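Letters are used for the chains, namely A, B, C and D, taken in the order the chains are written, and counting of residues starts over at 1 for each.
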Amino acid sequence: MPLPQTNFSPPFNITRASHIVLGVRDLKVSRTFYTEVIGLVVTYETDDDLYLRGVEESCHHSLILHKTSGQPVCEAVGYRVFQDTDLDCAEAYFKSAGIETCWIERPYQGRTLALRDAVRIPIEFCATMPRLPRLHDKPHLQRGAAALRYDHVQCLAPDVAEAGRFYTDLGFRVSDYFVDRPDDEEPLGMFMFRKNNPHDIVFITRPGPQMHHFGYVVGDVQHLFRALDTAGAIGFENSLERGPGRHGQGHAFYVYFRDPDGHRVEILPPPIQMIDLDDEPARWHSGNRFTWDLPPPKKWLHEATPFKDTPVREPKVEIKLYSLEEHLSGSK
Amino acid sequence: MPLPQTNFSPPFNITRASHIVLGVRDLKVSRTFYTEVIGLVVTYETDDDLYLRGVEESCHHSLILHKTSGQPVCEAVGYRVFQDTDLDCAEAYFKSAGIETCWIERPYQGRTLALRDAVRIPIEFCATMPRLPRLHDKPHLQRGAAALRYDHVQCLAPDVAEAGRFYTDLGFRVSDYFVDRPDDEEPLGMFMFRKNNPHDIVFITRPGPQMHHFGYVVGDVQHLFRALDTAGAIGFENSLERGPGRHGQGHAFYVYFRDPDGHRVEILPPPIQMIDLDDEPARWHSGNRFTWDLPPPKKWLHEATPFKDTPVREPKVEIKLYSLEEHLSGSK
Amino acid sequence: MPLPQTNFSPPFNITRASHIVLGVRDLKVSRTFYTEVIGLVVTYETDDDLYLRGVEESCHHSLILHKTSGQPVCEAVGYRVFQDTDLDCAEAYFKSAGIETCWIERPYQGRTLALRDAVRIPIEFCATMPRLPRLHDKPHLQRGAAALRYDHVQCLAPDVAEAGRFYTDLGFRVSDYFVDRPDDEEPLGMFMFRKNNPHDIVFITRPGPQMHHFGYVVGDVQHLFRALDTAGAIGFENSLERGPGRHGQGHAFYVYFRDPDGHRVEILPPPIQMIDLDDEPARWHSGNRFTWDLPPPKKWLHEATPFKDTPVREPKVEIKLYSLEEHLSGSK
Amino acid sequence: MPLPQTNFSPPFNITRASHIVLGVRDLKVSRTFYTEVIGLVVTYETDDDLYLRGVEESCHHSLILHKTSGQPVCEAVGYRVFQDTDLDCAEAYFKSAGIETCWIERPYQGRTLALRDAVRIPIEFCATMPRLPRLHDKPHLQRGAAALRYDHVQCLAPDVAEAGRFYTDLGFRVSDYFVDRPDDEEPLGMFMFRKNNPHDIVFITRPGPQMHHFGYVVGDVQHLFRALDTAGAIGFENSLERGPGRHGQGHAFYVYFRDPDGHRVEILPPPIQMIDLDDEPARWHSGNRFTWDLPPPKKWLHEATPFKDTPVREPKVEIKLYSLEEHLSGSK
């Protein structure tokens, strides 16, 4: 299946990746990790829930942690629409497409429309949240990476093109995609965006759907090290999984952590801006990627967070992944 | 006059501030300043013209320098529209509004529609430029500030609300504005945006229209100093006018240079992201601004670049400006 | 008088500028300034005294603040000697030189020998302090500039060569000095060092002796802005006096603050290393200084902290100083 | 064997690690690597030799590359003494100790005394080099990491205590050492210094002597990434071996490269200052190290550059080393 094409007159106006909802087993230890290492700020908290936002965010939350006694799953992936009326357009659109939706209650969030996307990822849309003061220029209130703002989510999908077409139909553009061999058509990884940078959601081919990681933008590379030094100093010395490194597409630098429940969170300095229609999807394959950094370890390649009540399917295409383990053993 | 209100169903889709066209007296010295200090890359060059872009930009140019034997003026301020058809919608819109337009030829730029805005600033719209490789991750090809991308232009206007309403009618939103006294209505400065940050065009009340400065985003605060050290080392030791400092609105840090013709150029690390409708215009006055930095020198307050063939009118409102000179003399 | 010559077989081994003792009127506000903006750590505290150290320092203190109801003066400038026996050699040396010394008690400091140098600055020497853990790699315990370590003190002196010869006799080397006109002999400013960078003590010609400023090294230029943003956010928005800028000798970047009592404190990223004997004193004059930054304001040029019970003499040589005020008014 | 004790009245005054001499097979490719990635500056060059210095260095060279057709070895490790007369004291001292010395000719270096240390490492001492302008504040002349200055060399030694005692007898102090188990006496790694930071020479227990790596100080963490991005962009994408990371002792961050001949070079931001006698040797073992970073790959642990004409002996103590490979496979 070839690369899906963007619908430039989408049925409603999605503006950006907005938030993510995760289950965690111990709210207290997760709170310490996300406030002290990643540097998020708590905006609402009960015995069972924790709402956090990045220090630059004026919206109420971008990360919701729910206490769970079961397996820690990803409960929902959230997007913002521009105006409240966009939600009604969304409901009508999905109805006409035969996709079931429901209105859910989410504290400190305006009307919220929930549904499952084409690969059964639970997603939700809202238009408003209470507004809070930005704290990006208040270093005395910042901790660790002082994560500025939620940026994107990366998911594993059994069929990347199928997963992606759901979003291109909603107006998402493809910034980059990769194929296995230089003359392949089938996209095996796709970076998709609505806001002015290369990624709001990313899909890569693997058993799925699963939540691979979500990413927060930090101020600069110094903040990658502030997070790492803090992690080492306060008991999260095993949380670094990969990095610091530079993404193969050149978008940004990165560090990947595993949080206390194994959820993977990325921090990255501001990525490139992407707006113009001239910026057609870039096509990557094994022959044209920029690769000073070491390959990812096997667990980065294969481990991920399940979505709530969501069976995992085997991928349509099997590809050979090159791991750090193979790199170290000298096998190419 | 109160703050103009954004038209959320604009007649065509402007995506961002795109480029600026300046007259300079000595192309060679300007070339050195913009490539070595600001760090732009030359993409096209004749005996009379120089086209430059930031290292992250995939578009052909964001700064055009024209050799002039007369006074160095600003010839045009450019904006991008999303699709080529937006240009036709623009033409129709301005025609119906009684505003004269013309199609002009600009090398390495698609169809270009030129006109004057409500305060007689010469502006132009285009949808496409040839695409070139981004160089943001190639430090061996970078110089000075390694300016990433063109960000915004700030203009002086005799009537800020009048100037601004032209743009709110085109869908620009107001991120911030300032008034003289806490209970005033009249906006004396307005930051307006289309892309996902607080400024594509800024107006402040003064004799105008004049071009006060244009700004490029740089990677981080280190790059402010790389520019300054380079300026000092290669003969532009008098080019620093103001900074490094932090903007009163907290958007970003800044350094202001005067180029060899006196045109003012700002470099700034990535500013905050602004997308959500919740982010209503912030209102600033003398009582609520964040001010660790020193006030601007008188020449920053009063000197600017004229627009080509454009008479300057006195401002509608006279306000008291607080200068570095007054700060140093101890008068408040 | 020409540049004094270093005694390479000094009578005892001074290793570095070590600490400074200042009077302050309100310990609480000074505590906030030095811990939150400069980022020092409190190691000992009573109702009348505050002992602080930089986050990289393993020594007990480098700044002592004494509560005073009178004029806030500088009570002493401290140096470290290498071994305890160096103190006895020092006592013998000063006795033979006809300089009065006394042993004083200073909490959390080994034996301490106090005296006045050639221009009547109260100085003291000690060999030991209790050792505490370094915190430079613990960002979760850091604030503001997270000042790493005390670096140097700059004093005004009526006769720079006379002031300096006292220290060259003790083994200090001159890294840089400046003269008025290119062919002058008389040093009007001298940077002197024992440790491996260009400055432990600096003298410049003015009415003196007075304490002009003391300096702490910070991690990098980011930390200059962390200090400034913090100052602006917590009520010290008027504490910035000069900078950020680059020193004319190229040693380092700088920011100068005035603390709540008017004492001037500099923060600077790590300066250059200076060890080899090949590095003969560099000679600066108006014709060879590197000057992208703006000249200092008059108060930086003329205001300073008196030393306790120490009359101020007029300088031997009157020189013309170029101020920011003159720069802004266009007079050279 | 317990930790060797520093002789505080050494026979002559060594000031710092000064330079290193390496054989390389292709001068042109090595030149590109060291000038473009590491950012050294060429100061002298023939068909067979390349002399380079860091951008902050005023000395003529700190790295000498010799073209070789054989195995690329380390030919010599150089130290600076303070004064020329120190060289005569050195000669007399080694003679009395029964250690053979000779005076060698090394272009652009004063009198040079060569010998082998206690573990047969070829070392040399000199007091002077021609002085050249520092370029640390000239970003327009800098490339890649813009390495500021040579900092230290790390060697593998079959008997760390024996290797180290040679240097403690010459006045080197131990900043840190590590032992296998918490109650061990035998040092298995020793960081030793003369200048004001923790390392001029480091020994670790392995088959030796071999040259493990040499290190250059860079301005800040940004420069780690400038080097890496440059390496990736110009054909050295496989040169990264380890990092970016933070040293277990907390001294500094690091990146380790393998140069085109496999010589290992480290770049590190400015490490901590170490001067006072209070800073007694810190003792590290498996139970008290700071470890957010991943363990080193096996090749970092076991591969090194041989010294010229120098047989390698098996280590006195065999220790278990924990590698990245074991970490990834989950074995502790």
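In the analysis below, contacts are C-beta pairs under 8 Å (C-beta built on N, C-alpha and C of every residue); 3 or more make two chains touch, one makes a residue touch a chain.
Since this is a predicted model, take the numbers as computed values, not measurements.
Report the chain whose mean Cα position is at the greatest distance from that of chain A.
C
Which of the two pairs, B-D or B-C, is linked by more C-beta contacts?
The greater number of contacts lies at B-C.
Could you state the distance in Å from the CA-based centre of chain A to that of chain B?
Using C-alpha averages as centres, the distance is 33 Å.
Counting only Cα atoms for the centres, state how far chain B is from chain D in Å.
Averaging C-alpha atoms per chain gives centres 49 Å apart.
Quick check: how many Å separate the C-alpha centres of chain B and chain C?
Their C-alpha centroids are separated by 42 Å.
Got the chain C residues that touch at least 2 other chains?
Residues 137, 220-222, 229, 232-233, 246, 290.
Please give the residue numbers of chain A that touch chain C in the complex, ascending.
Touching chain C from chain A are residues 36, 137-141, 143-144, 220, 222, 226, 229-230, 232-234.
Which residues of chain D touch chain A once you look at their complex with the stated criterion?
Of all residues in chain D, those touching chain A are 220-222, 225, 228-229, 231-233, 236-237, 239-240, 244, 246, 253, 290-294, 297-298, 324-325, 328-329.
Which of the residues in chain B end up touching chain A in this complex?
Counting only chain B, the residues touching chain A are 8, 15-16, 56, 58-59, 80, 82-83, 127-131, 134, 136-137, 148-149, 195-197, 217, 219-221, 246, 250, 269-270, 272-273, 275-280, 290.
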